[in-house]
Amino acid sequence: MNAQPRHNVVANALAQIGACGLFLLTILAAVPRSFRHGRETVRQLWFVGAMSLTIIMVCGLFVGMVLGLQLYYVLSIFGGTAASGTVVAIAIYRELGPVVTALLFAGRAGTSVTAEIGLMRATDQIAAMEMMAVDPIAYVAAPRFLAGLIAMPLLCCVFCALGIFGGHLVGVTWLGIDNGTFWSNMTATVDVWKDVVNGVLYKSLAFGAVVSLIAVYQGYTTPPTSEGVAYATTRTVVASSIAILALDFVLTAFLM
Amino acid sequence: MSQRNSYAVGTGLFIVLGFAALAYLATQTTSVANSRQGRSYTVEAHFANIGQLKERAPVKVAGVRVGQVQSIALDPAREAADVKLSIDQRYSKIPVDSVATIYTSGLLGDQYVGIQYGSSAKSVADGGTLALTRPAQQLEEMLGKFFGAGGSADNLGGTYLLKARFTNVGALSAGAPVKMAGVAIGSVQSVQADPVKLDALVTLAIDKKYGQIPDDSAAAVFTSGLIGTQYVAIQPGGSPEPLKDGDEMVLTQSAMQLEDLIGKFLVNGSPGDKKPGEGSSSTPPAGKQ
Amino acid sequence: MTDPVRATPADSALVRVRGLTTVLNGKTIFDALDLDIPRGKITAIMGPSGTGKTTLLKHITGQMRGDAGEVWVDGQNVPALSREKLFELRERIGYLFQNSALLTDFDVFENVAFPLRQHADLPEVLVRNLVLMKLQAVGLRGAAALMPSELSGGMARRVALARAIVFDPMLILYDEPFVGLDPIALNQVLRLIRTLNETLGITSVLVAHELEAIKQVADHIYLIANGKVVAQGDPKTIADDGSPWTRQFFGGEIDGPVPFQYPAGDLAQSLGFVRGQV
């Protein structure tokens, strides 16, 4: 597994990316077959999606609240607190929503997927599936990948909604920005396609694909030992975080 | 199996919640929220200049949204913008002598059309025209006098000093540029408070090249850009006598409170804030035919 | 479930290994190995640790492919099979993993039902009856609702056995089925292996070290060492052939063809002594 010499970090990283890409092709090829295991996808959607809901909602609320507070202080310097609704919405839709959701998703769901698959390999469950003539790529990898792909945009929408609510709570309810101004400025500036679809949906879809791919790949290729699983879990978080932020820049450059 | 079903139900709830959140984001927090409206009727207005007005911009009466801009077209015959306003049926009683004005919401905000009701008993019919209009007020034009161009003087090879007293220098500090006609001709050497006269004594180092500044010129503290730094502007007078090294400029204008000035101008949503009659009588409606 | 067309009764061997050669990480695991596993019998494969007994099972099921040689299972050469054909073949092979490999997400019932749900679209009633019958056969019908984490090692092994036989396979491969079992559990598993073989006529291949246990069930024993079959025969006679391999293995001698010392250089040299100097 780790046969490559450690000194060549770049070649190693490239090899990882390449292997990850090939693994993606394998998964995509298995997706039609995985539709037979639709129930498994639903079950995984429950684990990676619905189970992440609490942390996403709480964090979304706090991110919105912090944003509301900071913007109030900064904008009040220019007498522009009326714009805080707009800025909260745009900051959350374009950047904070997708990125923070993806980071949380990598920490909450990505690690558990990696650890689960790693343990399934360590305890021969993957081999047992092979022996029962069940393709583990179609039964284990693809449903988790699909579940992540579906769950991320939904989680991101929930995060954004809670973020707006948090911003409104602090800005309007506590700091006394006018309610109508808050909403009318927001609705006047925020655009469905540019902000909600491009920002929230496209970005979170891309992040969902990347995080799920990395999580499944790390779990699937880790040495089936306890330290291998622990190491793979760490790598999922590190690799996902880097990939999310790098991809965010690329997507922002192309989408916006 | 109940175990299987509970997953399915929970997952279903999760998906529904996600889509509900998406629907909320898309319809309640974006411009989609503004485009929904009931039955409406159309009124036309011709503006000499629409500034940055865009389609779907709001139409407001007394700051309350009553409709939106349906279309903007150039009327080649009149060299005027032909703006169609789509107004909610509920507000169909707009007097024919009402004035349509293009305002800016906030300093950096979008523009919108504000309608000030007239006193006529006749209402504008569907498809009718609002005869009285005022074009987009060019905030830039108004502020333009006030703001200088950028740049600073660094040619301090040979300078002479002038003094000027201000009751208020705002945020002016040493090193700030001194400009005439927008061009940097020197810099502020020091800013000191005078303990006796209780005002600010500002020493200006002016390039020797500009040695012919009339002695009745005025010095004013201006701000470059909306939130930029302050500088001293010299407005030349008409006297044949030039200012000499060490002279004090008599005519000064203290830092203008940008906020005060703009305050009058910023409607923040409501043409109703203006005194009735102030707009249309002081400046003749430009779009009037 | 055995396909009547493909199973040629004339062939007495269900599995035929011919000239199998496998090199893993520079180490020769199998060196032109030849081996036959007779139909309807219990065959034990024994040998010192690290001789590749589990690897042999993986070759039979196509999880691994050798560098040369053929592995015929029921008339099909496994290394040459496509993935689809291989999966078809595997549906007729049961495999008992050393650590049971139960799916931790599912309870006992769903674990046993797993192959049925994946490969046959059966009505729920039928699935239920089939699963409960198999669980009854291993004596764990009452444990159907337990999760794998709640099972003891012996119970988990029996559940895995029930799962392996749920499709009534033609061949069951047992990988170290006795490891870590207390004497009671060991005897239970032992009896199950024999019962399954006798009542269903399932060909069984057993990889294990427990000599006493194997003597009780096996019809035929292969002793593998250094990548070759070094001895074979029935449990009573195999130890009597007098070869150094059988003497060491069945006698449990410390040194012999399998050396106590892992191959190493000269001890004195390793310790830094030079011959002739003190």
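By written order: A, B and C. Residues from 1 in each chain.
Note that a contact is a pair of C-beta atoms (placed from the backbone, for glycine too) under 8 Å apart; a residue touches a chain by one contact, two chains touch by 3 or more.
It should be emphasised that the depicted structure is a prediction, and the values quoted were computed from it without experimental measurement.
Participant: With centres defined by CA atoms only, which chain is the most remote from chain B?
Facilitator: Farthest chain from chain B, going by C-alpha centroids: C.
Participant: Which chain is in the middle, if each chain's centre is the mean of its C-alpha atoms?
Facilitator: Most central by this criterion: A.
Participant: In whole angstrom, how far does the Cα centroid of chain A sit from the Cα centroid of chain C?
Facilitator: From the centre of chain A to the centre of chain C is 43 Å.
Participant: Could you work out how far the Cα centre of chain A sits from that of chain B, in whole Å?
Facilitator: Chain centroid spacing, chain A to chain B, equals 41 Å.
Participant: Taking each chain's centre as the mean position of its Cα atoms, how many Å separate chain B from chain C?
Facilitator: 84
Participant: Specify, in ascending order, the residues of chain A that touch 2 or more different other chains.
Facilitator: 43
Participant: Under the touch definition given earlier, write down the residues of chain A that touch chain B in their complex.
Facilitator: Checking each residue of chain A against chain B gives 39, 42-43, 45-46, 49-50, 53, 78-80, 82-83, 89, 93, 150-151, 153-155, 157-158, 160-161, 164, 181, 183-192, 195-196, 200-201.
Participant: So in the complex, which bits of chain C are touching chain A?
Facilitator: 61, 63, 87-88, 90-91, 93, 95, 97-99, 101-105, 114-115, 118-119, 163
Participant: Give every residue of chain B touching chain A within the complex, in rising order.
Facilitator: 4, 7-8, 10-11, 13-15, 17-19, 21-22, 24-26, 28-34, 58, 65, 105-110, 227, 259, 268-269
Participant: Applying the document's contact rule, which stretches of chain A touch chain C when the two form their complex?
Facilitator: 43, 119-120, 123-125, 127-128, 130-135, 139
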